[in-house]
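Got some structures for you, see below.
Both of the next two complexes hold chain A, though its partner changes from chain B to chain C.
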Partner chain A sequence: MTNNYDILIVGGGHNGLICAAYLARAGKRVCVLEARGSFGGAAATEAITDKCRASTGAQFLYQLHPQIIADLALEKHGLRYARRNLPTTVLATDGKHLTINHDQLTGENVSAADQQAFSEFMDEMQAFAKIIGKLIDQPPMDIFDLDWDDKINSVKLGWALRFGLGKTRMRELLRIIGMTMFDLADEKFDNDLLKGALSFDSVLGTQFGARSSGNVLKYLFRHALSNKSEMDLPYGGMGSVVNAIEKSAAEAGVGLRSNAKVKSIDVENCRVVGVTLENGEKLIAGTVISNTDIRTTVLDLVGSRHFEADFVHATTNVRMRGVAAKLHLVLSEAPDFNGLDPELMKGRLLIAPSAEEVELAYNAVKYGELSERPLMEISIPSLCDDTVFDGDSDGDGDCHLLNATVQYAPYALKGGWNDENRAELIERCITQLERYSPDIRGKIQHVELLTPLDLEKRFGLKAGDWDHGEMALDQMLILRPVPGSSRYNLPLDGLHLCGASAHPGGGVMGAAGRNAARMILKGEAK
Partner chain B sequence: MKKYDAIVIGAGHNGLTNAAFLAKAGLNVVVVEKNDYIGGASVSRNIHDDWTYSNCSYVCSLFRPEIYRNLELGKHGLQIINIGGGATLMENGDFLGSYEDHEVSRRELIRHSPRDADAYDRFSTDMAKWCRFIRPFLLRTPADPTSFRPRDIQELIYLGRKFYDLGQKDLHHFLRFFTASISDYLDQYFESDVLKASLAGSGIIGTGLGPMSPGTAYVLLHHYMGDMDGSVGSWGFARGGMGSIANALAGSLKEHGGEIRTGQGVEQIIVKNGKATGVALENGDEIHANIVVSNLDAKRTFLGIMDPKDAGEKVVKAAKNFKSRGSSGKVNIALNGAPRFDALPQGSDLVNGFIHVTDSIERMERAYDDWKAGTWSKDPYLDMLVPTYADPTMAPPGKHFMSVFVQYCPSKLTAAEHNGEDWTDKTVTAFGETVLNQISKYSTNFRDLVEHVEVRTPREIEAEIGLTDGNIFQGELTMDQLMFNRPFPGYAQYRGPVKGMYMCGSSTHPGGGVMAAPGANAAREILLDLKRPNTVPEDEGDD
Partner chain C sequence: MNNLAQNAGIKQDHYLQTIKKTPFYNRQKEWDKVNQWHRWGEYTVCDVFESIAKEYFAIRNSASLFDLTPMSKYRIKGPDALAFMNRLVTRDMSKIKVGRVAYVIWCDDAGQVLDDGTIFRLGENEYRLCSQERQLEILKRNAIGFDVEFWEETDEVAAISFQGPVTCRILRNMGFSDVETLKLFDLRYFDFQGEQILISRTGFTGDLGYELMVSPDKAEALWDAIFEAGKDYAVRPIGGNALELARVEAGFLQAGVDFLPANETIRPGCTRSPYELGMHWLVKLDKGVTFNGRRALINEQKNGSRYRFVKLDVEGNKTACNAYLFDRKNGKSIGATTSTAWAPSAKKNVALGYVEMPHGKSGDVVWAEIYYQKELKWNRVWAKCLVVDKPFWDPERKRLTPPADF
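On to the complex of A and B.
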């Protein structure tokens, strides 16, 4: 086995693999080093019990860049969907749920005015998301350092903003971009469940409340790459998406090494020369791309002594604070959400009854406490994916898995995480579920809870933050991950970032990996 | 009936400033005011015996020095007294003092955290930089980013150049500052809770945001601008109370031939053939002029004194969506003697400055949670000032006036504990009690000295001054309501939806505070439309 490469990639999350695949296809000798036994980072399908396997990190696919799916021929390499274009149902305690299907609202309490306003809203959001999509697709532009591509891109962007959108919509975009979803939704709609859902989508994964300015931009980011804001459930869980990427990378000639934990990124004469693994093995390469977060990369793997104090200071100050937990419940039979149509149960379910409830749940996390009534994003993958269960645990063939992202549970819980508060969070989650599905407690056969601390330990997500740095306005675009390093290179020769720490941030999007690969290839072409 | 060149609706400081500049340019101007007195929120009133209350605004830190000089306000009796230092009182009986002498302040900071004492110098330098950067924009009209008119393009180029001149590092830093929450921003500098809290106060005053809400770092800057200038614009009291500012502006206006009519509320702006032609007064009279300027906030202007047909559907909708939530209360107190704050050393000069009650950002954020829930903060943030130490003219000899600014206090009580009942005299009193109790915790002799208390929730502020929902900035200073978005996109250049109609209140750029910049900027635009020579000064810098 060779230990000499053109490029080494530290961390085999989806961004690392995508970056590697693009580089290998451009003729580079690339090797991806993954600490765990399998690739994919937080996009993983893992055992929940000995008979049940499902997505333990991210669970929905809605942002993966269509260009990446095409370029890497992911469908040829096994990307399949258990179900596409999932409707979102916001649960109500009284059974009068609200279902959102693209720009259509269905439910008992939907007024004609809200329906009308929502169609217009989605139309507008789609137009805005297209602009944001352009931003996501390219490295952030630094007005102090513009190359020809940037100049062309900025003219294109300006054109799209002014003439693509038109004067009225451009003004509206410039108004809402720094706004709160609490206010925006309140301007437009009456329905509490709808406002709750929009707020939820604006805060998921971030220490934001419904009333935090900038969450509208986060909402737009969410929709920027998805076709008509629709979500899919991959067949075989998120791990299967990564498998397809992995296969495509392998086909392109990428060296893939799992169980290869990197101990340090090595520096000689002020430039990167390779990495050293935990087992002492040294690998040589003139370019090292880190798929881990910037803090781990700079402070742990390279070491702060190789950087200027200002940069280290900025890196130390990157806010990472995981606020979400994962809950996996194995149920003896399908749950009943106050008579929710079984067909809709195959979709995405939300517990976010109003913008006020979202804000109320958020209050706790500011002080390092658990939400009294946590918000949840739920899927029941076993309803449409036969790979979840390998035989039934009780033998009658109707077991189901409820997979939920739970917010808010702070990484920095006051007093630290222990068995007691873990049990407390599980209890709060189940009590919350009972409000919407009164008999659910009796159906629970197995509970798994991954706190932000567990997510850190399992997936290497620093501070449990799956965005590798909060997606707040002051940490986005040109300011991400730290000012001056937004173009996938760090201030050390040969060192780059390709993970969620870099623009455009977290989510199973792949844009960071793709952009990084393009920038590195461009840098060499100069 | 006499015909004027311009009518200004509302005799707040911006209305008076606007009128004064128009009059100075030779226009025949009248200001109509619904109250029997002028000043809007920049007012001094005799509420109790021989005490003068600055019962709304209480400091004039932000007042543009260029306007002060240009309108010769000194000649018209405005005298600013410098406020030095102040103290932040802590629950554990300790305090953090801020002194005029940099070295003394530094030693005091070292007592709390040596590391922060070093960081504070860096912080001050950075803040000074941002203030210098922002200041010239205060007296400029925001460019419309969607427009291709030469003037807008020129202004955008100016903006671009200013950004470029900052340099890469500072530009990035500034962008972070502009978008961050005050809590996150201060975390990058400091470790001491009390220092962070004492600085964060300026980030929340008057806004419906908590210190952890993104965008609050800018609000801090908005308040910080004051201590940048030389003697004129630094944190200061107006001698004789805030009404002195309005009186001096009125003096300048009258000197240039302007007229003020008090006790005359405006019923409606008269629009004929798409042009403003005057105003109809509540008393049935009409006044005519080709220029009508509203100093009222955007909601009151477009939803109150304009026919929706004249304003147009788009503007009416934008006005409805304009956010002007009330978040602050004010308690004005007449004291029979000097209050003694237990934490402060006997005879300390710190009492001359701002006295804050807060220890930590968390405490302030929890106060905000109460407001969000629809009730006043049970553990409120207080910004207290006893101007009578420096200006004995405001109270009888040996007695004092105390101004207490309270954050947070909602315009409507919607929390469950109020059982669906909005503000009543009883709840207003209860709110006042919360504040008095809070002060008593830090001053044992305070209760015995209280001679008279005036409690003002957003309800009272709205009723008296006409600020919608009692919002002291005539609309929140959030990112979506600043610069070219203030008050609404497409209407940020002081012109209303019909010809001849203008806005000059704090609802327009650069927003609230007793700054007088909106009034001056609006005057410049009006004179431009009239093709008259400009009388409004530009920012002159601080050199």
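On to the complex of A and C.
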């Protein structure tokens, strides 16, 4: 085995693999070093019980760039979907659920006015998302040192803003971009469930509430990142997406090493020279790309002394504070949500009954506490994916998995995480589910809860933050991860970032990995 | 007073204290004939005791005492102390051995100067940093990831600058044996009345001289011992005005005057890089480790600087105080003076200042438009200024070891 490469990638999350695949296709000798036994980071399919395997981190695929799917021939390499274009159903305790399908609302309490307003709203969001999308496909512009590509892109962007959007819409974009979703939704709609869903999508994964200003931007960003807000469940769970990327990378000649935790990124004479693994093995390369977050990269793997002080200071101030947990419930039979249509159960289910409830749930986290009534984003993958169960635990063939992302559970829980408050969170989740599915408790055969601390331990997500740095305005675009380092280069020769810490941030998206590869290749071409 | 704060030992009456007196204050007051004092840091210090001429000539011809206590002083200690220092400043600190002092400059990441000062290497892993401006916040930022402790010791160290051609003789009279073997920028501890005194051959006058540091309760004893040992040598305390004259004559930079600390400037173009202050010799880009400003300074080397620091020999006898500098008489404005003086020993009208690149190479001529007032009436002259390389005053005795005896 050689220990000499053109490029080493620290971390085999989906972004690291995508970055590697692009670089290898451009002729680079690349090796990906992953700490865990398998690749994919927080995009993983793992055993929940000895008979049940499913997505233990991310579950909904809606951001993976179509260009990446095409470039890396992911469908050829096995990318398949269990179900596409999932509708979102916002659960109601009285069974009068609301279903959102693109710009269509269905449910007992949907007024014609709301339907009309929502169609217009979605149309507008789509237009805004298109503009913002232009920012995402590209490495952020260096506004202080525009190169030719930047100049062309900024003209295109300005043009799209002013003439593509038109005067009225451009004004509207500027008006809402710093608003709270609480106010915006309240201004436009009556339906509480709808306002709850919009609020939920504005705060997921972030220490934001419905009333936190700037969460509309986060919502817009989410739209811009998603492929026309179509959501899919990958067949075989999120790990299968990674498998396809892995195969594509391997075919391109990428060296793939799991169980290869990097202890340090090594520096000589002010430039990167390679890495040292935990087992002491040294690998040599003039370029090292880190798929892990900026704080871990700078402070732990390289060491602050190899950077200048203002940069180090900025890095230590990158906010990382996970607020979500993951709940896996193996159920003896399919749950019943007050008579919800079984077809809709195959979609995405939300517990976010109103904007007020989102804000109330958020209140707790400000003080390091657990939400009394946690919000949830749920899938029941076993309804549409036959790989979830390998035989039932009770043998009657109708076991199901309820897979939920739960918010808010702060990483920095007051007093720290222990068995007691973990049990407390499980209890609050089940009690919350019972409000929507009264008989669910009796169906539970197995419970697995991953707290933000567990997510950190399992996936290497520092502070349980799956975005590798909070997605807030001061940490987005050219400010991500810190001002002056938004273009996948860190201020140390030979060191780059390609993960969620870099623009455009978290999610199973691959944009950071692809952009990083493009920037690195472009830098070399100069 | 709040009981909680009191119990926690938090001083709550600091705001009642208007201004501090240094441990040398009472002794200095005995010399004060004109009552001209100003604030430096938290302390009151003297501008002039009697006459600037007498005080200046004590520096150049006999021995002068200047109270340095208000200077910001920090102790930095720990296994990573050298690495910490080397990352902080542009110089190669691995070259500065125990027992040596280094004149240094430090920058922000943009390669703009935050301050200059001196670093005393007190031990293998122990340093003292002395500077004009407060540095605690900067040290804190720099300490992230280093195994060092640091604290401010401005109030815990009574410091005095002892400058002039006969100072070595007086120190020997005080019984500090072998003090004459101290070379420029050496430091050494000596016994003094049951305590340790730190003597370094350093100063801000461009002359032979030393800086002495003791604990505040030995300050008056030190003062008295100097006057006792120097009674035949015309020792006198000096105020800030005489020192200012000496430092301009020696061509030294003053923070806040010749450059502004980058962390205190707001407007673009108002900061300076070390190169723009003529401090090329202090920047070791190839020292093999990262330091603050390195990447920006490499770029500046490639792309050129904006300004050049100049030492000017000004024609005529009107000081070029607050003067614009021009490329020709009535020509284009290219810079300004920042410090000016009639230099008594160099016998020259001198100025420090900056000009835009590429002006101001050594030997070039620039023009100053000087305004001066005579009994309410403003006059204006054009003065030809020659850019010079060397300090206006740089006597051999500054370096000579052992110094000449008297």
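In this section, the second predicted complex is superposed on the first by the 525 of 526 C-alpha atoms of A that agree within 3 Å, B and C clash if a C-alpha of one lies under 4 Å from a C-alpha of the other, contacts with A are read in each partner's own complex, and residues count from 1 in each chain.
As a convention for this text, a residue touches a chain if its C-beta (ideal position, glycine included) is under 8 Å from a C-beta of that chain, and two chains touch if they have at least 3 such contacts.
Since we're looking at a predicted model, the values are computed, not measured.
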- Query: Which of the two partners, first being chain B and second being chain C, lies in contact with A:162: first, second, both, or neither?
  - Reply: first
Winner on chain A touched-residue count between chain B and chain C: chain B
### Message
So in the superposed three-chain picture, is A:491 touching just chain B, just chain C, both, or none of them (first/second/both/neither)?
### Response
second
Query = If you stack the two complexes on chain A, which partner ends up touching A:317: first (chain B), second (chain C), both, or neither?
reply = first
(message) If we overlay the two complexes on their shared chain A, which of chain B and chain C does A:170 touch? Say first, second, both or neither.
(response) first
In the superposed arrangement, which partner chain does A:304 touch: chain B (first), chain C (second), both, or neither?
-> second
Footprint intersection on chain A (chain B / chain C) at none
Seen from chain A, its contact residues with chain B in the complex are 142-145, 162, 167, 170-172, 174-180, 183, 187, 211-214, 317, 319, 359, 363, 366-367, 472-475, 478-479, 483-484
Per the touch rule, the chain C residues reaching chain A in their complex are 80, 83, 87-88, 108-110, 138, 141-142, 144-146, 288-295
Per the touch rule, the chain B residues reaching chain A in their complex are 145-146, 163-164, 167-169, 171-173, 175-180, 184-185, 187-188, 209, 212-215, 321, 323, 362, 365-366, 369, 372, 478-480, 484-485, 489-490
Residue positions on chain A within touch of chain C in the complex are 269-270, 299, 303-313, 316, 491-492
